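Next up, some structures in structure tokens.
Note that chain A is present in both complexes that follow, paired respectively with chain B and with chain C.
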Partner chain A sequence: MPRSKINDIMDRFREIVDKPYEKLKQWKEANKKKIVGCSPMHFPEEMIHAAGMLPVVLQETDETITTGFSYLYPFFCGITRNLIDIGVKGQLSFLDGLIYADICVQNRTAASILRQNLPAIHVEFAQLPSSFTRKGVMENTVKELDRIKASLEKLAGRKIDDKSLKQSIAVYNKNRSLLRRLHDLHKANLRLLPYRDIQVIVQSSMLMPKEEHTELLEKLLAEMEGIKPPSAKGNKLFLSGHLCQSPKADILDLIEGVGGIVVDDDLYTGYRYYAVDAEMNGSPVEALAKRHLEKSLPVPTRTGLPMRWEKYLVERVKACRAQGAVVLLVKFCEPHLFYYPFIKDALAEAGIPHIMVETEHEVVSLEGVRTRLQAFIEMLK
Partner chain B sequence: MAVGVDIGSLTAKTVVMDSDCHIASYRVIQGKIVDEAAGIASLNQALADAHLTQAEIGFLITTGYGRNMVSFGHKSITEISCHARGAQFLFPGVRTVIDIGGQDSKVISLNGTGSIINFAMNDKCAAGTGRFLEVMAHALEVPIEEMGALSLEAKSPATISSICTVFAESEVISLTAQGRTKLDIIAGIHEAIGRRMHSLVNHVGMTPPVVMSGGVAKNVGVVHVLEKLLETEIIVPPEPQIVGALGAALFARDELKGKVKA
Partner chain C sequence: MVTQVKKANKLSSASLIGQMMTASFADIKRQAAEGKKVVWANGLPVYVLARAADMPVLHAEGLIAGLAAKRLEKPFQDAAEAFGLLPDTCSYARSFIGAARITRGDYRLDPSMNQDLLLMPRPSLYVNSAGGCGTGRPWGEAMATLFNVPVYHFEPRFLWHESDLKDSVADFVRQEQEFISLLERITGKPYDWDRLKELLVEVKRAVTLRNEAMKLCQHIPSPASFFDWATNIAAVAHLIGLPGTGDLLQKTKDEVEQRIAKGVGAVANEKYRLYWDGILTWGKIGVLANKFAAMDACVVAGAYTHLVWWPRPELIDPEKPLESIAYNCCDVVLLRSYEHRIKVLSDFCREYSIDGLVVSETQTCRAFNSHAFMIMDGLARKLGIPAVTIGGDSCDIRFYSDAQVDTRLQALLETIEARRKVRHI
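Now for the complex of A and B:
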């Protein structure tokens, strides 16, 4: 029965996504290995992997913010406030290391607060360049990655040589290529999995040991490639935004519930995470720097990229023949907010209807969002 | 018969339409909490007015925030599409619809052929809603239906700075304590709603002619403030509350004629 096999594998993925920090704590006790948390978006996890530790990308949980309120203003974004809150409550204390990479002011603040309040954790802040056109940007990126590498070596108590780093890059490239296969499979069979499940698969890849995830994903793809789901009826949509956290499943269900079908995305917990690989030839640190500088998808936290985000977005929406775009904007996400006017204008100019949905950590009434999304779908008809 | 039922937060409305697009009957039911029963009551009363029974309903479309909560109805369509359709039917060529209902407000932009091209909805803040006016009327001990006319007599409208119903209520109480007249306070409340709606209109952009629907359109004071702020004439239908139900009835009629639009 292929469906039940698919469900079994999906349950494995869901297990860790539903309670990431509890499960990781259990994993650590069972495996006696160090775990290093990474802030989302830019830091190459391969480096932590090569040091024999488990890299995990920090995920927002649904927990109500309580203690964290006294550490941070309420106008910080959801994931920042949530991580501070669960951090000061002790839920991240199982981590051995924490690496924040420079993505925004809120993220920087979070790194400082966690460093002060969790003294037992080795906290690093990777100052990866924001402007890609500056002179010497490649040298500076390599220099910074080398500095972090040395810091990780100290934490791991072992050297990260080129050979092991290359092996780790290969492990990550393999997983990324499988996620791209899933992406292609979804585009070919839009009703294969609800979009919330695709998010779960990508999120679990950020939390599980990569080798284990790859093995499960290979099995899942093998099962799914034989299935012919019913043809998809509905209005095709492109999902854009959510630069460093997964949209809540409720929102994804709402989009599909009112007749939308998500064909493609540029979400962090989506195409952005697995779109490009690091090169296998030459120096591995340089390969990671190159992946960051030259292969990065357009993003508002970096300048001097080969293509601006709004132009890239229009091209992607057109390529997947979506009838419209849903821009999911995390409340108080400054980089996205600053960029949204350009996106709005570019989509309008290209004749692509879009709707912006502001999402929040705190559970708000979804009825208003449902009405707006349903009206948007009615508008597309 | 084509029927549209609009279940809002404070009222339930039904429009019964015949095959020639004539409104056979309509009903507006006011309730403290509007639920399925209120929807059914408005439906049954409207059917009785037209001497019809439920068996004679050809197609029924529900709209409004309660559109998915009810067991009757063949289909549901959002109030955004329905208000646009209803306004377009009453005033062909309308380009902007401002709807202020009980618990939210919307601005809908239409193109020259009556299709929706953009919309904005205020569903987080109570200012700019009928509920806001209800709370204020209660605080001032003034019947809500008299607020509009009273505000036009104000000499110097008070400034209500807060956009939160709860805080605005305390602001109104302190203004009363300071000796400001009810007329000035009411005018200030209307201006607060007007400012809120002005920013929502700016979200989608305004092209005249502008039609206003929803219960708050019955308040001449709010309409007057909006006309001043938007620097345009606002057309108010004789029964602004039934525009959504009318749109739903028109969509139901499309279904009966086999041309489905939404």
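Now for the complex of A and C:
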């Protein structure tokens, strides 16, 4: 494929990822449609899409936190502080709605602070059950999704019927299947795109109208599938962690810059986002509930899953034959903090070397991380 | 001339708590040795349900706060950090996971340490009822994995709308029923509902007496302080439902009434009346009590003491035990919205004649810090009451700085003084 075509498409994706909220504001002005922001991880965007609004998954930006410090202590995670900061500075004011799903207490705090300080935005808090082994968990999930559906209908000024919800699920399933194709293509040709670009593609899917993203992604895949890149030299690594936000591009570049090649991941802005589809049969709300309950990948914010995260991680690392794992732990991410000791032990028991890198909203010292990563790669050799 | 350092006039009945706690840990060990199945639990006292099933309960916050107050928590934290838990993790949870590692034999205690004090009997069940703190989920999962035992997670709803309480209580009752079925499976016996009702009679007596005694601190000077009530949490948390707790709280209330009759205050020369938001640094409870007293400041009420542990005693009906427990686990401050919290706090400020607000940062607890700055700002706007934050943590002493507390407290008291002068102009 002519590289320029790939570059052109990547530029379209990058454009929105680099300045998501400015671009979305422009999109709204041009399209005169409502936009609803969703907190990462657990809320089904399909429901917003079916109401004729644009769902976007809130992204952490690089903006230095200033005003936000008047609302929250520095010992909250980066995305929580960042979203509150840009929210109170007015950068999210173009949103018509905001839906937070109950992930952790920090996420809930952000929902509550933004509700209080952005009165023009309709802020909802979705309390999807977190304990999956409880009796009646499916009914409770459906009940909560129905409640949110009614709330979205009010915001959109129109009903969300089963037909439109099924169509939205189909649109999202298609996009997810293309992202999985990209995932496979990347695994087969590790030098096709730098890993930071894979992240950009997934993040842009969270921010663009899905149909538009799907169209661009189809073109990109068609172009890329014809390329035979040079064979990949380096140490194959698995990236794990970052449950809500994308790792900073600088960190990803560092990993590849010191001789690592990211072969697979379980990041939120990676495999977790597109791994699983919702069913097309039966009630669409139930299909979304099932996707949440029965198809959820192991995640530390939910309990009663069939497999714990550390076991799943070992299986994934082994399956992609990575030589080591890089655990990216967002500073102050408590769900991840609780699992890290188990992950550390499970990887060690499976003979998989790993390095844990604590990441922060404010990048303090990349040089220190570089030295540690270099030492890790040397060790793998 | 030697300056006389003014000390807090602590309630003498509070000292009985320590003895009861020590006796209760010994009793848990004795019962475990006799073959009873032990429950480890964190959070709100829904675990009283297990007591009715004749299962001794080891309560995380009770154990860890008790040890931290005596500065004995460090071996637990060392064990947790050796396991890989970073210091940013909730220090209650981190310490309890450390206790689990020690109990499992994964971390060897120094032979010079008091082994008996730090070694706990293994659990057969773990209960998480973190009451609005999402930390409880991965914490409970970690404990259940370490001991390979079942875990039950109670999930009260966050009360996003005021009207959500009724639904949350109904759902919580369903969870209690499910939990009781689990208890029956573990004990192999039918659940003892009569015993539960008996326990609820004792619970109602204890928490009602405690609440009445705390309300007496609306009196000026306040007969007791937040630090007395913090010590006293154990009576309605770790010790809840155990024999003697009602009597202890009756003694406490009597002592408070006697102090009022004699005009005796918790602080000898009470000039400032403060409210405490957040948990306190348990390892500094005595230092803090004396520090405030030395500055003629009495902390008369607080969120952790007044709004977390059995906040709705009037709704306890021993004939309806599940609903009684549910209301008291669903209507806690951490599950309430900002609007509700500011309303409740404003009421407290009026009822207790509050001059200033002290917000304790509690560095490893995101739940209690969730609205700290908004509460400070909201209260200043609504009632003109100044506030200050002080650093610290529930059980990790490393986050505490005496000098910082001194400076900030001084600043708060000066602000209160300045406001008083303005009022008199």
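Criterion: the second predicted complex is superposed on the first by the 380 of 381 C-alpha atoms of A that agree within 3 Å, B and C clash if a C-alpha of one lies under 4 Å from a C-alpha of the other, contacts with A are read in each partner's own complex, and residues count from 1 in each chain.
We take it that contacts are C-beta pairs under 8 Å (C-beta built on N, C-alpha and C of every residue); 3 or more make two chains touch, one makes a residue touch a chain.
Worth saying up front: this structure is predicted, and the values here are computed from it rather than measured.
Asks: Compare chain B and chain C by how many residues of chain A each one touches, and report the one with more.
Replies: Between chain B and chain C, C touches the greater number of residues in chain A.
Asks: A:365 contacts which: chain B (first), chain C (second), both, neither?
Replies: It touches chain B, and chain C stays clear.
Asks: Scan A:94 for contacts with chain B and chain C and give back first, second, both or neither.
Replies: neither
Asks: Quick check on the superposed pair: does A:379 touch chain B, chain C, both, or neither? Answer first, second, both or neither.
Replies: First partner only.
Asks: After the superposition on A, what does A:71 contact: first (chain B), second (chain C), both or neither?
Replies: In the superposed model, A:71 contacts chain C only, not chain B.
Asks: Residues of chain A that sit at the chain B interface in one complex and at the chain C interface in the other, please.
Replies: Looking at chain A, the two contact sets are disjoint.
Asks: Quick one: which bits of chain A touch chain B in the complex? Just the residue numbers, please.
Replies: Residue positions touching the partner: 364-365, 367-369, 371-372, 374-375, 378-379, 381.
Asks: Across the complex, what residues on chain C touch chain A?
Replies: 83-86, 88-90, 93, 132-135, 137-142, 145, 151, 153, 155, 157-158, 160, 171, 174-175, 178, 337-339, 361, 363-364, 366-367, 369-374, 377
Asks: Which bits of chain B are touching chain A when the two form their complex?
Replies: Touch residues, chain B against chain A: 65, 77-81, 104, 115-117, 119, 121, 123-124, 261-262.
Asks: Please give the residue numbers of chain A that touch chain C in the complex, ascending.
Replies: 70-73, 75-76, 102-109, 112-113, 116, 125, 127, 129-131, 134-136, 140, 300-304, 308, 331-332, 334-335, 337-342, 344-345, 358
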